[in-house]
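Presented below is the structure to which this report refers.
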Amino acid sequence: MITLKYFASLKSIAGKEEEQLDLGNETTVQKLSEILAKTTPQIGEMIQGKKILVSVNQDVATLDTVIHDGDEVAFLPPFSGGSQ
Amino acid sequence: MITLKYFASLKSIAGKEEEQLDLGNETTVQKLSEILAKTTPQIGEMIQGKKILVSVNQDVATLDTVIHDGDEVAFLPPFSGGSQ
Amino acid sequence: MSSVMESKVRIQREDFSVTDEIEAMKKVSRNIGGIVVFLGTGREMSKGQNITKLSFEHYPKMAEKKLEELRLKAIDDYKIIDMSIIHRIGEIDIGENIVLIVAAGEHRKEAFSACEWAITELKRTTPIWKSETTSTGEVWVQDTP
Amino acid sequence: MSSVMESKVRIQREDFSVTDEIEAMKKVSRNIGGIVVFLGTGREMSKGQNITKLSFEHYPKMAEKKLEELRLKAIDDYKIIDMSIIHRIGEIDIGENIVLIVAAGEHRKEAFSACEWAITELKRTTPIWKSETTSTGEVWVQDTP
């Protein structure tokens, strides 16, 4: 099982804050985005179009990053911390 | 009468913080420095060598600045406000 | 002083005291000559619209980790004595404190450079998001300059 | 708030509160997005010598006038919302506050530039002098960088 987390604007797009998926022992961000493209097309497109960042276990990932069972994957829209 | 004011290191060089001089109705910073060169040579030299600033009524002056009766003239060594 | 004060990077709901954070920083060294502080506060206007409420959300653990990386890089790259960073989350009113960066150096030049770099880098690399509420509703801000 | 707080440039013997000065600045506008603060403090070391005491003297009236000129030029040249400047005089211990500059802008960039310019300009143009006491005695500092 891997845990997926959605933040900020992605929560309403995905319709959830968090979900658990069973993707076997090893997959990649690319493969995950293809799976998501079927259930939540907008999220899949944003990942592949690099509109949002993906992190694996709190580290920024690329499409090639390998995801292991037990990992936490998060979808991060452009940051807007700070003032102004 | 004009009032002369000495600050910081100049107080110990002049041996005073303030003095009053009668220089007639009009003089210049240049003429004042020549007078001081006789009584306090180090101060006179520092003015002419531009090692210190001279202000007249709280405005920075040049050697040509005219000093009137009642004016306040101050001798200002290099500033060192702020930290560090 | 509470144990919370001892951490040099924090993400928290409650407000902070700039004076307390500066005094905590002064305890690090007796050789601090210049402290530069950036304090970000909630503005009333954004793109011509009146804002009534701001709200911040973060990715716990990752945001704190990014701030700590940022702090260590600032100390190393700019040769400052130390830096502390606090970012608030949750609802924030106009005029309230949002983010604080304190950079302490032996001299002021490196403290200014480190502090300005840190706030720019925070906005670029730290998973924190702002929503603004105006008369037309609440929107997540995506395009900070 | 005392009437002393209302003046935006001050030279005073007593210490100041950074938080109070920032809160006073926030009252100026609801459109402040970034506040940059420079706080200068007393360092223990100077040119390899241990300092035990610092003392500052100023030329009354002229120093205040220079600070006000500086403040108005910073607001005008850098398009910031406002600036306040406080410099302490008299005896100051290591680690104590010496000088505070608060620059408030709609955005941070101009506030950083104005604040850094102001402290450099203060040192260059304001008739304030520092003496340092070390084991070898008290000397007036003449060569600030």
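Lettered A, B, C and D in written order, each chain numbered from 1.
Operating definition for what follows: a residue touches a chain if its C-beta (ideal position, glycine included) is under 8 Å from a C-beta of that chain, and two chains touch if they have at least 3 such contacts.
Because the structure is predicted, anything quoted here is derived from the model rather than measured.
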Common touching chains of chain D and chain A: C
Interface with more contacting C-beta pairs, comparing B-C to A-C: A-C
Chain centre separation in whole Å, for chain D relative to chain C (CA means): 23
Averaged-CA centre spacing for the pair chain B and chain A, given as whole angstrom: 73
Whole-Å separation of chain centres (CA-atom averages), chain B against chain C: 48
Approximate Å spacing (C-alpha centroids) for the pair chain A, chain C: 26
In chain A, residues with contacts to at least two other chains: 83-84
Chain C residues counted as touching two or more neighbouring chains: 33-34, 40-41, 43, 106, 108, 119
Chain contact graph, described as a line, ring, star, complete graph or other shape: other
Inter-chain touch pairs (all): A-C, A-D, B-C, B-D, C-D
Complex contact set, residues of chain D against chain C: 17-19, 22, 26, 30-41, 43-45, 94-95, 106, 108, 112, 115-116, 119
Residues of chain A defined as touching chain D within the complex: 83-84
Contact footprint of chain B on chain D as seen in their complex: 40-43, 56-59, 61-63, 65, 87, 98-99, 119, 122-131, 140-145
Residue ranges of chain A in contact with chain C within the complex: 5, 7-9, 55, 58, 74, 76-84
Chain A contact footprint on chain D (complex, rising order): 33-34, 106-108
